[in-house]
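As written, the chains take the letters A, B, C and D, and residue 1 is the first residue of each chain.
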Amino acid sequence: MVADIAFWLPLIILVPLLAAIGAFLFPRHSFRFAFIGTLVTAAVVFGSTGLLWQDKEVARHAVGGWGAPLGIDMVLDGLSMLMLLLTAVIGLAITSYARGYFLPKNNSSESWHQYNYFWPLWLFLWAALNALFLSGDLFNLYVTLELLGFSAVALTALVRKPAVLKAAMRYLLVSLSGSLMYLLGVVFLYAGYGTLDIALLGAVATNTPELVAAAALITVGLVMKTALFPFHFWLPPAHANAAAPVSALLSALVVKGSFYILLRVWLVALHPLADTFIPQLLSGLGMAAIIWGSLQAMRQTQLKMLVAYSTVAQLGYLFLLIPLLLRGRGDDIAPLAGIVIFLSAHALAKAAAFLSAGNLLYAVGEDRLSSLDGLTRKMPLTLAAFGVAGVSLIALPPSGGFIAKWLMLNVALEHGYWWLMIVVIGGGLMAAVYIMRVMSHLFLEARGHKSDVKPLPLCMSWPPFGLAVLAILLVFTGVLVTDMLVIGAPWLLEVAP
Amino acid sequence: MTAGRGFVLLLIVLLVLVLAGIIALVTPDKARLADLAIANVPQSGVLNPVTAVLLNFRGYDTLLEVAVLFLAIVGIWSMARHARVWIKIPDTPVLVVFVRLLLPLMVIAAGYLFWLGADFPGGAFQGGAVLGGMGVLWVAAALWQPPASFRRLLRPLLSLGILAFTTVALLTLFMGYNLLQYPPAQAKTLIIIIEGAAVLSIGATLTLLFIGGFPKKRED
Amino acid sequence: MLESTQLYAIAGIVLFGMGLYALIVFPHLLRKILGMNIMGTGVFMVFVAIGYRGLDELPDPVPHALVITGIVVAVCATGLALALATQIGIKTGTARLTPDVEEDDGS
Amino acid sequence: MTWVNTLPLLLVLSSLVPGLIIFALKEKRHRTIRISLNVLGALLKFFWIYLIIRSLDTGLLIETRLPLLPQFDLVLRADNLSILFVILSAVLWLVTTLYAIGYLEDSPHRSRFFGFFSLCVSATMGIALAGNLLTFFIFYELLTICTYPLVVHWGTKEALHGGRTYLIYTLGGGAVLLTAIIWLHVLASSSGLSLEFAEKGVLAGSTLLAEHEAAVRLIFFMFIAALGVKTAFVPIHGWLPRAMVAPAPVSALLHAVAVVKAGAFGIVRIVYDLYGIEVAQELDLLGPLLIVACITVIVGSILALFQDDMKKRLAYSTVSQVSYIVIGVALYGPVGSTGGLIHLVNQGVMKITLFFGAGNFAKTVGVYKISKMDGIGRRMPWTMAAFTVGALGMIGVPPTAGFISKWFLGAGALDTGADWVIGVLVLSSLLNAGYFLPILYRGWFKPQQEEWPKNNQYEGRWETHKLLLIPPLITAVFVLLLGVFAGAPIGLLHWVEMIVNLEYR
């Protein structure tokens, strides 16, 4: 029973959930629950990766034993496995970083409060992400989306300053209205096709009005939660003002969750609409996001705002290839590999960037760019982390970002989308401008830094560097990721009419 | 009615017209999951098809949903440090007397609704809602004078529902079944256990949602 | 002409539209949260209306069960939003998101 | 013989690993460990090169293949051309490391400096050994990333400004290069062609050439423009003089050897091993390349005339000297190519001597300007002697290596009938004399004007720190050796002719 991967799927979700409940029940031991929960979850995820790599075919777990149409199926294919792996890796880094960041300094009740409530909320978020990546049912995805949204908003509002609370409120309202639009889309699909399972829906879906309505609603709902260009206004204040580990979580994982659903729904259920205007529109909005986000990032004077706007820009890359991906649909895995590697490289690099920005804020007390002058002497590891993460964000070789852009550009040019190439390479140069602006402050030798720099605990200085190095090492994973994604690919093919 | 609002109104009216048109087109008598669900109700251990869907066929949704309830409380307590329970004594005795009469009745109604759920419309959430209503009345009528030790019980009471659900789920998993696949014989008892724990937790959660934070000690 | 079930579905869509309008336009937080609730109710109404299968038939249990779940999630969302709104009220004195979101005066 | 195939990878790692370790070392406490790591890395490199040369004679293909992408591997191949550049880099890196240890005696951030220094060299090794376009691009951009911290090492405002200019040029070039590579890759994969470098070029007679001739031609000029940034062709050479804010060892190794040569070496690879010399001639791509190179040679030398700052003058001299290599490549004929490839080595050795000399003057007696260096020959005779050998080499005076390369370039120009190129060579030699001889005259014959700004004394009769004096002398001797023994059986000429014969068979 234990060797069978289907046994492990529910545990990937239940372990962090139980850890979260435990962390809430016993506030004084909340970190102990979180620590054990993190390790066990990561172990289960890595274990199931090994099992999946061994079996090389999609793992299914029919919850409740009833099977797809009536019951809910948990589905683990290459794509969801990679996302789970990414979440586990970043999760380990966040848990270790948050231990130092939230440790109650002067024993104030406020810092104890933050410390006690961070752990259950973070574990809930992790459980929600794992449930989201494993679910094969549309309504179940709605519930996981809400679970994800609530924990993300509560984590953002952990820092109880007015600006943060307003940002959290705006985030909550956008998140909720996005989810409700998604739900209305699901209702239309259920009305039209009578099933909620994505794979079955893919088999019966044909180009009917309710499919188009559902596609529009689901896409707008999820795009609001992924903060693609016109709906990005809530992201920078929320990601910049939140606590450092929280903004790393939001930028690296939470926005990717809703994008994953968009990818999954479009690839499988809405494939008859592959050539309609919606994918083209998404690609156009992606281009606008890259240009707008990069321009805004170049104007920022606060470090975390700069990194937040960089997220808005980098999210645009994920949408560029959607029309090509849907047209190729499973037979050509390169666009999907490009998107997934980019998504992972951005997650790792952006988490590293936010954590090192957090370190700077923790040590220097303010994150204005001008206050970062000459920090190389005092915080070499943090600045190395930011530099290496910057290399991946600009997508300079050797980095995961580069390989992703290489795959994307190849696909784009093969289909003759030469303007995508200009946007992608231009975006890279613009990213270089705002990353190098930060680095030039860091390399500047200020004569005797004015305020003394608070020493960083070890558990805070190493995670960002580790994540940044991982973002670089992704350059060698091109073949691995492609082989892993192929595991899910037949699932895409077998459903094609 | 500024220009901005007019534009938004226009857009939304268009959206509503299009969606309404499409939903009207969808023929009502399409063969959806109804027949399949109703056909499987006998094996689900309960007679009421809605409870069968809610707790057996799509039990996983309900597990996550109870988790959402639990998360709401954790989220609110993380935002609002302490909530001052509203203890202004209401001036009209009518409310206090009426509430004193009503509370026990509501508890009975909740219990009945919960027990009925297996075979007739009702169930944990309906019972929990009534309990929640009772809690709100209890607080609103300033009769909330829990003993100090009660506050230590709050967290276990809140997590009762989700804990029951996850332990039953793990139980079925480790007994070799799929997650939440109740063995046919014990299906009804397991569902009753889950629903029982859920009723109490939902009642407590809804009351505390109304209070809006960890209730402070009673100092007049 | 119109079946009764389609009438309820359309009513649900109209509710959804009204809720969306309120959410976007009114700057006061309470009105936004109310708007969001109406949006949710609209979606649930459409979902249940689809479950209707004629007078003598048992209605489709799946939408009913899912709407119960939806309602519980909506309650949690409203609870969270109200708690956040009260915190904003306490910390900033106004229950409005500052005008940087919408420039109009709000009615 | 699989262990042989790991040699190219070991070459790259033998400076990558020490570099990464050096980053973690403490400034003061780990000084000896840092030095020993550096030297160990260099010696290891020579050992691997010896092994490669030994098995290269047996005609064995030495290649490391790492899976990178489904249809593109990371290929490090050791062929004659790459070994030429590897040996040059390895020798000059060891010499410059010794020089840097002396130069940065007690300055801050030395671990950071030597860390990035080693990364730069491993990037150069990677560029030399790259077997296909993707590998070449990865190491080409890695070089940009690793040189930026070295350029801004002092952390002053001007250094950062120089660094910013450097990045604008190099990242812009990198973007154009990436576009060209992907465009070519897409065209090639549609006609089933793999873009691995091969003797006599990949495109010779391929269907790709027939269908997309215009695109192939445009891609060639994109390559030249992109690689031209680092080769410092005239319009896009602005970053080189401004990058002189870097410490002397950086200017010496990177801006005389690594970075500038990376661009020139890239052009050599593209023309010989990607397009193939015949294809380049057919599409008459070599003509414009020759013109651009000649313009750069002349304008570079003219600009050098007006520079009073010594390092700036040497920088402009580098701008013009590197284009000699491109002239050699653009002269369609074995003799011209030989001249170009020989100059690839000679220019490195000569220019590094000059930069060492300039560094010594600045470090010991604080002389940065040429107008201030009167009578420095008396104060620092040995350094001035080394500087003189380098300068004469640059002008092309017979016993030195410079003469050999100019001789072959001239012969190559005659061989292909491009007589006007000889005029260019003669004119630039005159210009070289124009900006180098005044320096020698001031140094040796003019009496000392005013007190030296700084006058560090060193124990014994050393005119400057031991580690600052020995490297220029070594490289000066190399300049002479390369000049006198060029034709020797195992000499440079023999090796280069072997490469060229492969290209033109």
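The definition used in the following text is that a residue touches a chain if its C-beta (ideal position, glycine included) is under 8 Å from a C-beta of that chain, and two chains touch if they have at least 3 such contacts.
Remember, predicted model here, so these are calculated numbers, not experimental data.
Enquirer: Comparing chain centres built from Cα atoms against the global Cα centre, which chain wins on proximity?
Expert: The most central chain, going by mean C-alpha position, is A.
Enquirer: Between chain A and chain C, what is the separation of their C-alpha centroids in Å?
Expert: Centres of chain A and chain C (C-alpha means) sit 28 Å apart.
Enquirer: Which integer distance in Å separates the CA centroid of chain A from that of chain D?
Expert: 43
Enquirer: Using mean C-alpha positions as chain centres, tell me how far chain B is from chain D in Å, no decimals.
Expert: Chain B and chain D have C-alpha centres separated by 73 Å.
Enquirer: Using Cα averages as centroids, what's the distance between chain B and chain C in whole Å?
Expert: The mean C-alpha positions of chain B and chain C differ by 18 Å.
Enquirer: At least two partner chains per residue is the criterion; list those residues in chain C.
Expert: Correct list: 9, 16, 20, 46, 50, 62, 66, 69, 73, 76-77, 80, 84, 87.
Enquirer: Do you know which chain A residues sit against two or more other chains?
Expert: Only 139, 143, 146, 150, 153-154, 157, 160, 184, 190-191, 196 qualify.
Enquirer: Which chain D residues reach two or more other chains?
Expert: none
Enquirer: Let me make sure I understand the interfaces: which chain pairs count as touching?
Expert: A-B, A-C, A-D, B-C
Enquirer: How about chain A: which of its residues touch chain C in the complex?
Expert: Chain A residues touching chain C: 139, 142-143, 146, 150, 153-154, 157, 160-162, 165-166, 168-170, 172-173, 176-177, 180, 183-184, 187, 190-191, 196.
Enquirer: State the interface residues of chain A toward chain D in the complex, per the touch definition above.
Expert: Of all residues in chain A, those touching chain D are 334, 374, 376-377, 380, 384, 391, 396-398, 402-403, 406-407, 409-410, 413-414, 421, 425, 428-429, 432, 436, 439-440, 443-445, 475-476, 478-479, 482.
Enquirer: Which residues of chain C touch chain B in their complex?
Expert: Listed in rising order, the residues of chain C that touch chain B are 2-3, 5-6, 9-10, 13-14, 16-17, 20-21, 24-25, 46, 50-54, 57-62, 64-66, 68-69, 71-73, 75-77, 79-80, 82-84, 86-87, 102-104.
Enquirer: Which part of chain B faces chain C closely enough to touch in the complex?
Expert: Going by the criterion above, the answer is residues 2, 4-5, 8-9, 12-13, 15-16, 19-20, 23-24, 26, 28-29, 32-34, 37-38, 49-54, 57-58, 61-62, 65, 68-69, 71-72, 75-76, 79-80, 123, 125, 202, 206, 209, 212-213.
Enquirer: Within their complex, state which residues of chain C touch chain A.
Expert: Chain C residues touching chain A: 9, 16, 20, 23, 29, 32, 36, 39-40, 43, 46-47, 50, 62-63, 66, 69-70, 73, 76-77, 80-81, 84-85, 87-88, 91-92, 97-98, 101.
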